[in-house]
Amino acid sequence: MAYQFERGRIYRMPTHFGPAPGPRQVPVEAAVDSTHSPRKTLFTASCLTEASARPRHTPERFELAGEPVVTIEFHCMAEIDWLAGRGYGMIQLWWPATFNGEHDRVTGRFLAVMWENLADPIITGRGEVGRPKLFAEIPDSRLANGTYHCVASWMGFQFLELRVSETSMPGDPPLRQPELDGTLMLKYIPRTGEWGEAEICQVTFTPMATPDLIVEWRKPAMGAVAFRQAAWTDLPTMYHVVNALAELPVLAPRGASVAHTRGGKSYRDTRILK
Amino acid sequence: MAYQFERGRIYRMPTHFGPAPGPRQVPVEAAVDSTHSPRKTLFTASCLTEASARPRHTPERFELAGEPVVTIEFHCMAEIDWLAGRGYGMIQLWWPATFNGEHDRVTGRFLAVMWENLADPIITGRGEVGRPKLFAEIPDSRLANGTYHCVASWMGFQFLELRVSETSMPGDPPLRQPELDGTLMLKYIPRTGEWGEAEICQVTFTPMATPDLIVEWRKPAMGAVAFRQAAWTDLPTMYHVVNALAELPVLAPRGASVAHTRGGKSYRDTRILK
Amino acid sequence: MAYQFERGRIYRMPTHFGPAPGPRQVPVEAAVDSTHSPRKTLFTASCLTEASARPRHTPERFELAGEPVVTIEFHCMAEIDWLAGRGYGMIQLWWPATFNGEHDRVTGRFLAVMWENLADPIITGRGEVGRPKLFAEIPDSRLANGTYHCVASWMGFQFLELRVSETSMPGDPPLRQPELDGTLMLKYIPRTGEWGEAEICQVTFTPMATPDLIVEWRKPAMGAVAFRQAAWTDLPTMYHVVNALAELPVLAPRGASVAHTRGGKSYRDTRILK
Amino acid sequence: MAYQFERGRIYRMPTHFGPAPGPRQVPVEAAVDSTHSPRKTLFTASCLTEASARPRHTPERFELAGEPVVTIEFHCMAEIDWLAGRGYGMIQLWWPATFNGEHDRVTGRFLAVMWENLADPIITGRGEVGRPKLFAEIPDSRLANGTYHCVASWMGFQFLELRVSETSMPGDPPLRQPELDGTLMLKYIPRTGEWGEAEICQVTFTPMATPDLIVEWRKPAMGAVAFRQAAWTDLPTMYHVVNALAELPVLAPRGASVAHTRGGKSYRDTRILK
């Protein structure tokens, strides 16, 4: 007598022990409250790059939208409901793009890569949502002489630094970008055995609306981002990602900020675009 | 001009920066040598459980094979080629089962769950092979008074302990099990948006043959395994897995061992069964 | 030509590379600002124990003061100036006592034991001030269902949990204690070679005054503390400490709080009592 | 009724809970066996520096002995008896020197600095023996293309790398050094309150004899060492140490090795020189 999958319940590997608790499926006792979870400090910086640089990292059926601007965000999160009140760190790197599907046409934040310092949301996010999450060590930000330092490393190799300084008179020209409908991702799972083939290759989309998100404060800032070139021995599973980003020319800063927020959502509103 | 996927190359999320280096796709400089990589200390213990206990954790089209025996293995690995000589820790839990597919009938180690203490092989193994890998902290084994202590924890909650003692006169009755053709897995990826549906639900299989594996020595031992019951707050993404295993009745030990090995393979020989 | 110690500069082992930067000796570039460093979330809980319980852990020339109350504090610290803006976690356990020296008579917080999750302040605090600091893993507090959970562990063995819940109507009787002049410590260094002898055995004292400390808010709460009995194999360098504290009878809670503070001091005002 | 110190027993801060278990005082159950503890992989490399470089890092009453050679060792240790079978990593940096005391004249390994990745032996070693131990992250060595890579970092800043390659024909000229009687250290504890004064400033000495040490094998190798210059913000408690070592000119390699050993001693034979 083998087990049966319960209808309407989310499973993840291993499926053999029942439906899987996670961000989009919490037990009753979790007392989910999307107006309080998570509590977040958010460091953001954008920079202008060459118009010709991003296309080679943008998949088919996408076209770039607006200025050639890349944005990087460090999310320091606490009091996350589905982790029973624990926190972790997350990095997102995106640029604006438009997806031209057969049925859907959507402009949004094209999520190029993410890093997180906890395996659990990496597993749930890759499989359930298609978020391109990799692992990195992401220590708490460090504040010295008015500048926040956010870094990411892997096994001791620091590959990313973001510096953000609050300022009352931001000198950066403001970020001009099209209206964004949400977040665009390419969910991709390779086919086992037929190496090089795709088992899943879908565009997934999370709408922008997050009604329970409260921005407690947001301050303008000046920001600077640097990726460090890596050898294969430094980052044997992702040197190609880091080196591609290190090679993007930075033409000019395009604004930065520090913010405190509360609340969020489970991304259950994510869907596949066609 | 968007990027094109290169034919015959393995990709993983994010796919936007080119083919992904990993266990089954290493750069030339990796100097892969499957007769040396990895170097491994392997602690194994098996125990007899009730015949009625495992079926509820075995998927459709599988039937149990041989005695109702569960085996747990701790692999302490070093000098791994695709990680540029680094190491990490891995746990496997399996029982013998036979897959009765439409075309394939295979008896093997049914891989029920794995834990690893590094996110990178979790990402590659889940997506490329269908290995049911979760994250745990797995410190080096501790040897005191002739007994090796292997443990696993998550955010400070220790949920698994294996004790293995070398012995010249093992008192455990030997493990009787059918001939095993390889390792059986259920590769499962949920469908985004249609929550509860499966996008991928396949049986994958890695043949047993590992011609470059050298067992430098293997010693018989006595073993004992214990899982600890967890609340959702202790293990919010996997308490259901750990509790199911903690509830398996342990009727009798069925042999244990400590071994040193060298060499392995990339699991490129894994294929989908039908 | 050997090196000479520079007059008036603080040294620590190894002394061979010059005066040692640290909390009480920062380079000019450190931009020390004791009105901002550190930023702290502070969880405190006190409990009444038996009058007869603490004396066996109080050294000669000390007598207990006030009610037999033990207080435990978790300090989650960020933006620490002498760490260039980094943070770390600290635990303090103390009870009120009076030191009756030949010249000095002082009543204060008798600091029985501390734990920190960073080796650097352990080294500086033990050697320079005489603070009885040990190492523990201290993750960020976890907030679930209105209760903060603060824990400490060592190599995966969790030995201490503090739970603190904000409350608008604290039911605990308030803590009654004598006026406290500061913090009392026993600085002790063993003599090398003559095992069992003391090289240093001094009472050190830090006055209470911290003019730059700003309590941004403090809320009353209900608290509960639990130490877990440990075997030598669990905590081979400090099971005796943890077990002594686990054996203290808890008769009643005596108040708890959660607070946010800013500012502090370097403890340069610490001196030896006679 | 205060507690009394028990005669002949070693204490450490906090002294209030009884004698302190540790390397030189283990409970009966520890089953100490100095012929088996620890099991060690030892990477060693020496290099010739300028004769004028080391004196400024050598204290009074010491003179350099033999060639101006600096040796660095990485000790990867497992199965340590006083840690109940756990392991940790240690780095030692030393050069030969002669202590000319009033009564003692000893030539030995002058221990300039050590790093360890566990706070407990740092606390015991600094206080009980006078070993100049600091904390660093020290991952397991990495072996790629025949070369072992050993590194040390602090909060993500990698400050030291040792590369050691086994070779059947070592080209380095052999290390010539005087006969060494043991290990020389400067035990130093600052005086609380009178900042800049020393409370303890003693030369301590551990004789070389380690009768239970078994070198299972030792292979000649070629080695290379590099320290990385650090800013105060990178290493706020030890940039002065690392920078002094980074500035030592490396004139030529002077031999390296890889070894496996078993057994050791407690350093209870350490004594104060006069």
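We just call them A, B, C and D in the order they show up, numbering each chain from 1.
Here is the rule we go by: a residue touches a chain if its C-beta (ideal position, glycine included) is under 8 Å from a C-beta of that chain, and two chains touch if they have at least 3 such contacts.
Just so it is clear, the model here is predicted, and its values are computed rather than measured.
Separation of chain C from chain D in touch steps, taking the shortest path, is 1.
Centroid distances from chain D, each centroid being the mean of CA atoms, peak for A. Same-residue interface: chain A and chain C share over half of the residue numbers found at their contact. Centre-to-centre spacing of chain A and chain D amounts to 44 Å, using the average Cα coordinate of each chain.
Averaging Cα coordinates per chain places chain B and chain D 39 Å apart.
Each chain gets a centre from the mean of its Cα atoms; for chain A and chain B, those two points are 29 Å apart.
For chain D, residues that reach two or more other chains under the stated contact definition are 84-86, 139, 144, 155, 233. Residues of chain D touching chain C in their complex: 1-22, 24-27, 29-30, 55-62, 82-86, 112-113, 119-120, 122-124, 126-135, 155, 186-193, 195-196, 198-200, 202, 204, 232-234, 236-241, 244-245, 268, 270-272. Against chain D, in their complex, chain A makes its touches with residues 137, 139, 144, 151, 153, 155-158, 233.
Taken together, the chain C residues at the contact with chain A in this complex read 31, 78-79, 84-87, 139-140, 142-145, 149.
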